[in-house]
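Next, two complexes with chain A in common: one pairs it with chain B, the other with chain C.
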Partner chain A sequence: MDPLFLAYSYFRRRKYEQCVELCSQLLDKNPYDQAAWSLKTRALTEQVYIDEVDVDEEGIAELIMDDNSIAQVARPGTSLKVPGTGQGAPSQGVRPMSQSGRPLTGFVRPGTQSTRPGTMEQAIRTPRTAHTARPVTSASGRYVRLGTASMLSSPDGPFINLARLNMPKYSARPNLAKSLFEYIFHHENDVRNALDLASGATEACQFQDWWWKVQLGKCYYRLGMYRDAEKQFKSALKQQDMVDTYLYLCKVYVRLDQPLTAVEVYKQGLQRFIGEASLLTGIARVYEGMNDMSNTVQFYKDVLHQDNMSIEAIACIGTHYFYTDQPEIALKFYRRLLQMGVYNTELFNNLGLCCFYAQQYDMTLTCFERALSLASDDNMSDVWYNIGHVALGIGDLTLAYQSFRLALASNNDHAEAYNNLGVLEMKKGRLEMSRAFFQAAFNLAPHMYEPHYNFASMSDKVGDLQSSFNAARRASDAFSDHMDSKQLLSSLRKHFAML
Partner chain B sequence: SETGLQFHEVLPRNGQVYQEDLPTTVLCKPKLMPLKSVTLERLEKMQRDAQETVKEQE
Partner chain C sequence: APELAIFERRNWLIHLHFVRKEYDTCKVIVKEQLAETNGMCEYAVYVQALILRQEGRIQESLELFQTCTLLNPQSVDNLKQVARSLFLLARHKAAIDVYNEAAKMTEGDWEISHNKGVCYMYLKNPEQAKVCLKEAISFNRNELSYIMLGKVYLAEKDIHMAIDVYKRAVEFSPENGEVLTTLGLLYMQTGQFQKAFEHLGNALTYDPCNVKAILAAGSMMQHHGDFDVALTKYRVAAAETPESPPLWNNIGMCFFGKKKYVAAISCLKRANYLAPFDWKILYNLGLVHLSMQQYASAFHFLSAAINLRPKIPALFMLLAVALTHLDDPDNAREAYEQAAAMDGDKDPMVHLNYAVFLYNQGDRRGAQKQFNSFETATKAQGNVEIDPEMLELSSKLGPALQVGESMVWQQKAKAEVKPPPLPQVGLRTH
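This part shows the complex of A and B:
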């Protein structure tokens, strides 16, 4: 068989490694074989390709030295930085909060992992385990690390030496330039060279090719030049309406902290592409970022009308129902995910919780057993934590205690488990232990009100009024509508005034 | 009355029934785990693979 034909066949069947090997052999024989060269770049790109729409990583530098946002103190409901009004969302007393002050989401993407912290202190606070540490800037982030790793794995150096590449020559050749660009951008993560190539190529075609404009926009976005990116995307949209371009443009607006504009642009896109699920999902994500739950759920439901297999929409709606006190409906959504073939720890854990709170006790423990058997080191602790809750629900305090302990054994930074252990210790009357647990909990997760309040109420009981006052203040900072901490505060104020 | 039913008020003999709202400790809530997007899973897999390659070479 013709080796090039075979290589193409491998490529089509997604057997990229064999494809690369075959192309390398072809190139050894004839280094000027353009077809083999181009195919090899494409195969190498596909190995590490990630949808650029989903790529989102903010470093500390971008967060803190953000000079793109228009208002530093934005009006409520117009910014992603301050969590919104919480319209239609369950209160913090019911649905746990993430560090950024938003309710826990039902679905994580690369962007949702790194929610915007409020202060420098929060931004650089990294847990002792490295897996959630934030890079200093996105230019040193995960994508670059992947790039260097892929270079290590090829013993005779990188496939293309970018420094010695004659960019103008390639940018004038449309048949090679596009695959070369994707190789530089995705595989090498060398945004500057990619930008060089793209700007040459867009000139070579007299600014008539929308594709190059989109690529230029992607480069500018990665370099943090959001306004330039916006210009390129808008210009590309004038030439050709594409869903992708709308998504990229909205990503720029989200990064510029203009969620309302982003929604507006999504809606423009929806006028051209009626019922496009990815645009609807985008709107829902923006609303979720603004903590506007009624709109979020509405748009996720719209997504499901168009695409009833959307895992993200099902998971988010399920989470919403669970925390608005309808676990049996949440159970239906998660069961649907199971039918669709999702089979992982997270799903079984959620099914177990929903079963328990929907009073289908026969399934609860089976689900959790399954979740534990599928769990990895990263998510084992959350499963044990939830088993602890089930144990509390059936009154088995010993099992609860052991489960929370096990949650800590797999993740030493599990703040919720510390807090609940503190509560259990307090029930047993061991105040010193519970005080230590509460302290550990609120040092790890200052955004949670529970450990602050528990610490305050405990200190109040033992007569340490000053600590109690401070902790109660922190509790009502974290959750301003919490009645008990308000009452505690006011009674302490009265007491201090009497002195 | 219209239905003919008579309701008699029931009053406890020894003092009123009341419940004092005592402040209690709060537990953290059960945590549904967010599902991971395909992109995120792919990223994590690639990162693991890359780390293993690096380890093998060292």
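This part shows the complex of A and C:
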């Protein structure tokens, strides 16, 4: 059989290693075999290919030294930095907040846990539920790690020596240039050279090929030149409507902290591609980032109309129903996930909670047992924490205490468990212990208002008004509409103002 | 022109900025003044200490006030401020000592006696506290002293004395919403609903958004079956405090009274979500589920309530009712026994339900015994109004058991266990 034909066949069957091997043999025989060369670059690229549309986590460096956003103090509802007051969303007292000041999402994806801290100090702190110590240090660090794949796969040096590549020659040859570009971008992860090649190629085809413009935009995006990226994507869209291009453009706008423009562009895309689920999902995500729950749920429902297997949509809607006092409906959504084959700790944990709050007691414990048996070190503590809540619900305080303890055993930094242990100790009347627990809780998670308030009200009771005042102030910083903190503060202010 | 005495030269300016709450400017001037006088200007130190206290930095402010007393040991004000700082730092004993020292310098100072009383209250010494507070009132009638005195009495569970004190407080300051509300709540506790309503109404006229008063007034309206009026009241309160468990509990029970069970359950559940330790909410949830005939759920809520508060006979009675319907007569009987033993012949309902249960089980003698306890309990209650449903049931059961005064009926009583009337949970008095 013709070895090139066989190599193609391997490529189509996604057996990239064999394909690369065959191509290497062909290239050994004839180093100028363009077909084999091109196929090898494609095979190597495919091995490490990542869809650029979704995966994106902002690093601390990007977050803190962000000089792209237009307004430093944006009006509420126009920025992702200052999540709005939350239309249609239950208050913080009902649905917990993440560190970024947004309600907990039903679906953990990049950017939902560590977004947009105000200060460096805040950035380094632990996100609310993620077990990882802190957000990624820098996005570029991540890409470097992806790039190291190239060194593993070829022990006798890199396949293509980029430094010695004659870029203008290749950029003038459209048949080779595209696969070479993807190789440089994804496999070598050398954005500068990729940009060189792309700008040469787009010139060579007289700026007529939209594909090159999109690639240029991707390069600019990686390099943090968002305005240039925006220009390229827009010009590509003029030539050719593509879903991908819309998604890239919106990513740029989100990075520029212009969520409303992003939604606008998504909607333009929807006019051309009616009912495209990825565009709808994008809108829902932006609204969720802005804390606008009614729109979020609306768009996730639209997603489900188009794609009724969308796990993200189902999970988010389920969470929304759970926190708006409709655990029965949430249960339906989560059951759907189970039917679809999702089989993990988080799902069983949520099912267990829904069953408990929907009073289907027979299923509760089995769900939690399943969740525990599936749990890894990362989420074991959360399962125990929720079991503790169920124990509180049936009034079994000893079991609750033990569960919270177990939650701490598997994750030492579980601030919510510390807080609840503090409350239980307070109920037993052991004030010193509970004070220590509250302190641990609010040092770990200063964005939660509960431990601050608990600490304040406890200090107020024993008469230590200074600590109480400071804690109450922190509580109302974390949750500005909390009535109890406000009342406590005003009564303390009266105390202080009295001469 | 000759310069004024250098130490006090700019006191007027400091004072002006301080009373305008321009603390930043004030601090700058104080700093300059202190630098100029090598920290000898008493007034500057004093004002700085006050500002620090406003900012919640009591420890630092205490140190400054102590400096003040060093600068001017004759001043009572300085001593009082030192004591007050100690009080704010929860060092009550030390505070009392300083107040005593201050009291030596001056006579008849309301503030000293009042604060001493409050310190004694925190030290759990009610006798001394009462003495001090009464002394304070004799020096100067001030509503704060009345409120504190009332609190001392309440801590001793002496409601009547507390009512008395609050009554005098209301005479003195008839527009204080807090005092009016507390008095109304106390009247409610003693069962004087007319007076309670009067005072709560007054409180609401002066402050229509007083959540405490709204809750109390609403629960009284609920008691009289005015569910719609109560709900409109609660709507005001819900805007003020959307996360108040007693509020959601009362709203839930309003819906229950209007026979909107699903709404009732969802409100009560929210209340329970917000306050998982409140047994009254669990009790109400159990009750609503019983009347929805969801006995397993009712059982769970009631058993949770019992876990939290194991000393309430009504809980055991409801649990027994749930168990009866779950076809577990043995445990139901035990629950009834528990309820009856705890109750000690006070609540006729327990005995009546127990009698009905025993009768249905075929234990005629036990039923008769319980029915007799029921009758004695009813008689012991005397003038209190008896629920008509209960009367009807007992008038059927009595003849069937062949006890009691009425004549013997051949027909068997088709006894149905009735849940007790709704317990109206008012608000927790702090």
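To be clear about the criterion, the second predicted complex is superposed on the first by the 460 of 499 C-alpha atoms of A that agree within 3 Å, B and C clash if a C-alpha of one lies under 4 Å from a C-alpha of the other, contacts with A are read in each partner's own complex, and residues count from 1 in each chain.
Operating definition for what follows: a residue touches a chain if its C-beta (ideal position, glycine included) is under 8 Å from a C-beta of that chain, and two chains touch if they have at least 3 such contacts.
Please read these numbers as outputs of a predicted model, since none were measured by experiment.
Novice: Quick one: is A:396 in contact with chain B, with chain C, with both, or with neither? Answer first, second, both or neither.
Specialist: Only chain C is touched by A:396; chain B is not.
Novice: Quick one: classify A:465 as touching chain B (first), chain C (second), both or neither.
Specialist: A:465 sits against chain C, while chain B stays out of touch.
Novice: Determine, for the superposed model, which of the two partners chain B and chain C contacts more residues of chain A.
Specialist: B
Novice: So, A:361: does it touch chain B (first), chain C (second), both, or neither?
Specialist: second
Novice: Which partner does A:448 reach: the first (chain B), the second (chain C), both, or neither?
Specialist: A:448: touches chain B, not chain C.
Novice: Quick one: classify A:473 as touching chain B (first), chain C (second), both or neither.
Specialist: second
Novice: Between chain B (first) and chain C (second), which, if any, makes contact with A:382: first, second, both or neither?
Specialist: It touches chain B, and chain C stays clear.
Novice: Have a look at where A:497 lands relative to chain B and chain C in the superposition and call it first, second, both or neither.
Specialist: second
Novice: Check whether A:94 is in contact with chain B, with chain C, with both or with neither, and answer first, second, both or neither.
Specialist: both
Novice: Residue by residue on chain A, keep only those touching chain B in one complex and chain C in the other, then list them.
Specialist: Touching chain B in the first complex and chain C in the second, residues 93-94, 357, 392, 484 of chain A appear in both lists.
Novice: Along chain A, where are the residues that touch chain B in the complex?
Specialist: Within the complex, chain A touches chain B at residues 48, 50-51, 54-55, 93-96, 104-110, 112-113, 142, 145-146, 149-150, 152-153, 311-312, 315, 318-319, 322-323, 337, 342, 344-347, 349-350, 353, 357, 379, 382-383, 385-386, 389, 392, 415-416, 419-420, 422-423, 426, 448-450, 453-454, 457-458, 484, 487-488.
Novice: Which of the residues in chain B come into contact with chain A in the complex?
Specialist: Interface residues on the chain B side: 23, 25-37, 39-40, 42-43, 46-47, 50-51, 53-54, 57.
Novice: Where on chain C does chain A make contact in their complex?
Specialist: Residue list for chain C touching chain A: 53-54, 56-59, 87-90, 92, 122, 240-244, 266, 269-270, 272-274, 276-277, 282, 294, 296-297, 300, 303-308.
Novice: Could you please specify the touching residues of chain A with respect to chain C in the complex?
Specialist: 91, 93-94, 325, 357, 359, 361, 392-397, 427, 462-466, 469-470, 473, 482-484, 493, 495-497
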